[in-house]
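Below: a set of structures, written as structure tokens.
In what comes next, subunit A is part of two complexes: it sits with subunit B in the first one and with subunit C in the second one.
== the complex of A and B ==
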């Protein structure tokens, strides 16, 4: 093949050399996403429970939280935590800044998902639970919330998938996850096409594995019913 | 809080806002047109084509938008396809919008009972007229809430274009902060501007959803 001056050849060697680091980055992406999701699910559940309390300030406050964080860019939220808060004397590491921004953002979505889930449980379930002698808390704990979680599960799964992809944004403040590692390698060896391609493939594998797992879990839940 | 600095920076931020709005509209127009086409083509009677489109959509959807943008802006020049920042951002975001719209379309079409397909077939309608007159008109109603939600996400995500250097609202905020060093105030105001654009859309999506849920 005659190669002109602009001819391009895919450098597999760049991919192989970068792969161990990319995999480490991917592992960290998984770690951060999982950690953020666990906290965001707990937080979302608490927030959704608070909206069930009629009267008082909890409900409008939670509504405001959900709407504010769902309707502003995650990138700006990350920047406010990392660049803005130090101005008020609150300095967090890139890791804690990124993690808390991801948690706050995902929890806003989770709260909304759980609220819809709680609302979707038929009223009769509550009445039935109370009439067999369960306390209010017991009815929520054993009857209402488990059903709400089952209803909310697919939407929560989608939110987790979004979270994995969204975690790429914390690379902008220096958290060393997959996107950051890809930038780091690409800007050093200038094999941008290969490295970003490999990173994209890793994200695809992560997301596909996750969607598969969620699908299986969903099916098992449906069968257990 | 320094209200004066915020007030003085507002005109510049609003200039960025105009670009954000224009950028969003352009990407929504491009991405929706392509996504609708792709989404409907996924249901062509040739199995292989439909499946291929499905796989391609899943593949691109799994890649974070930021990486898509970096791949196009930093990666493609390596193979001789160099794009300036704005076209690169528009291309990346339109691709993102396209595949996600295609997914919304898939959901909408799959929600139509198969009886509708059988009925259209038994009337002797071909695939194109069936899609055009029977399936898509019914599916569109169900696509509207998720589609509006998608547009909101896109508007928020145009902020990523700032990272590769496109001047829009987030970039305007960054430049203002470089001058004033007031990151908390400026980013908060910036978030508020995004909120003013996105919140009505979210409301619209919720209302459309509620209307769908009501039995007609």
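== the complex of A and C ==
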């Protein structure tokens, strides 16, 4: 596999010198991921709700959306939005291109996750809610959706963790996030192991913080029950 | 809380083990010996950089650097096909060499002092300045017109630093590959793409909607690179390059690949 002897001596000062730039990249990763998360969760909920509407065109349209965006690589979606759409005369800013690609991809998964949650709520819950005098909307608002979200939460958490890691793909369209910064430093000082190692550690810290927050939210929901 | 803290400690421990427990310093065997024993040369070449390294319609590697790689295989094994070509980019070619994925970089590496610290360079085999690739309708005539404009460069290429130095008021946007930087200009993402004169001239010829502008600036030599300290291998490379100049191979390659843009190039 390897082509010969490898000479490598570690130079940790490279990480130290690159740290301010790496942290700047990490901050942007947090920013774009957080924004994408909020929009993708909201969009996912709306889409899942639409699939519950029987009849009409909403349901097949949402199904088509989910199948298309869940079954294509995120990188292709990013390239289509960033490089492809301008050729059709529709040019989003680089930031909006990256953000919207992340959102439409994550929202497709979220829609599936919430739909599964909605379907996992026993049918009797709906009948019981209606029989105690709640309107259809009230039954959904106070009985079905809260339970669905609680059921969907672990899967949702996994998808949000993926979103943070997937955000590294927008480095390919010149967005200065953590992966981009790591490339930028390593391609110039050639301390690949140190720099990518440091970037990996920063990703671990970001994801640990996210899973911790999700864990707290889950506990609060459990208490509210 | 306790579980999270222990989990965190474990992550840090694994991270440290990975970082500190890596391979030690290498032994002193020259890659030349390794290559001869293996019976095959593994060379990093470009695949998006006309006319030095591209992929033709049938999926074969072609270009000046590719021919040099085959010539090296011919000299080593008396068989021009005993070479494995690995696609590299401006950003990853030196890491590929350092990590042992390739034996040698024959991929338009501009010789700079920073790179001399980490690789061993051959004698120069080409001289390249930098030019701009712009849309055909653009009125820009050179880097001096790029103040306040968006300039695409390839990450890890020398122009990233050159543009930052010579035109700090330009907004640089960086891509991983030549093809992506070209797309950025075509899609109006960037006002210009700055790279080595030879690739810009070739791209302008292939893309009628784009044109090359500017006077080649900061000409620098290309070198072939092997791992730092491998003097035996680089001595062999230099001897072979000298033979290629003597026996007319170099002139033949020059005519094949550069004849039509020769007038715009800086002669070595």
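Keep in mind that, in the parts below, the second predicted complex is superposed on the first by the 212 of 225 C-alpha atoms of A that agree within 3 Å, B and C clash if a C-alpha of one lies under 4 Å from a C-alpha of the other, contacts with A are read in each partner's own complex, and residues count from 1 in each chain.
Note that a contact is a pair of C-beta atoms (placed from the backbone, for glycine too) under 8 Å apart; a residue touches a chain by one contact, two chains touch by 3 or more.
In this text the structure is predicted, and so the values were computed from the model without any measurement.
Chemist: For A:154, decide between first (touching subunit B), second (touching subunit C), both and neither.
Modeler: In the superposition, A:154 touches no partner, neither subunit B nor subunit C.
Chemist: For A:138, select first, second, both or neither according to whether it touches subunit B, subunit C, the two together, or no partner.
Modeler: Neither partner.
Chemist: In the overlaid three-chain picture, which partner chain does A:179 touch, first (subunit B) or second (subunit C), both, or neither?
Modeler: first
Chemist: Mind working out whether A:193 is in touch with subunit B, subunit C, both or neither, as first, second, both or neither?
Modeler: After superposition on chain A, A:193 lies in contact with both partners, subunit B and subunit C.
Chemist: Taking the superposition on A as described, I'd like to know which of subunit B and subunit C A:168 touches: first, second, both or neither.
Modeler: first
Chemist: Pick one for A:204: touches subunit B only (first), subunit C only (second), both, or neither.
Modeler: After superposition on chain A, A:204 lies in contact with both partners, subunit B and subunit C.
Chemist: Given the touch rule stated above, what does A:83 touch, subunit B (first), subunit C (second), both, or neither?
Modeler: A:83 contacts both subunit B and subunit C.
Chemist: List the residues of subunit A that touch subunit B in one complex and subunit C in the other.
Modeler: 6, 8, 83, 87, 172, 183, 186, 190, 192-194, 197, 200, 204, 208
Chemist: How about subunit A: which of its residues touch subunit C in the complex?
Modeler: For subunit A paired with subunit C, touching residues are 2-10, 82-83, 86-87, 91, 94, 172-174, 180, 183-184, 186-190, 192-194, 197, 200-201, 204, 208, 212, 215.
Chemist: Sort out for me which residues of subunit C touch subunit A in the complex.
Modeler: Those residues of subunit C that touch subunit A are 4, 7-8, 11, 15, 18-20, 22-23, 25-29, 31, 34-35, 42, 90-92, 94-95, 98-103, 114, 118, 155-156, 160-161, 173-176, 180, 183-184, 186-189, 227-229.
Chemist: Where on subunit A is subunit B touching in the complex?
Modeler: Subunit A residues touching subunit B: 6, 8, 67-68, 70-77, 79-80, 83-85, 87-88, 165-166, 168-169, 171-172, 179, 182-183, 186, 190-197, 199-200, 203-204, 206-208.
Chemist: Across the complex, what residues on subunit B touch subunit A?
Modeler: Listed in rising order, the residues are 58-59, 61-68, 70-71, 74-80, 152, 156-157, 159-160, 162-163, 170, 173, 177, 182-184, 187-188, 190-192, 194-195, 198-199, 202.
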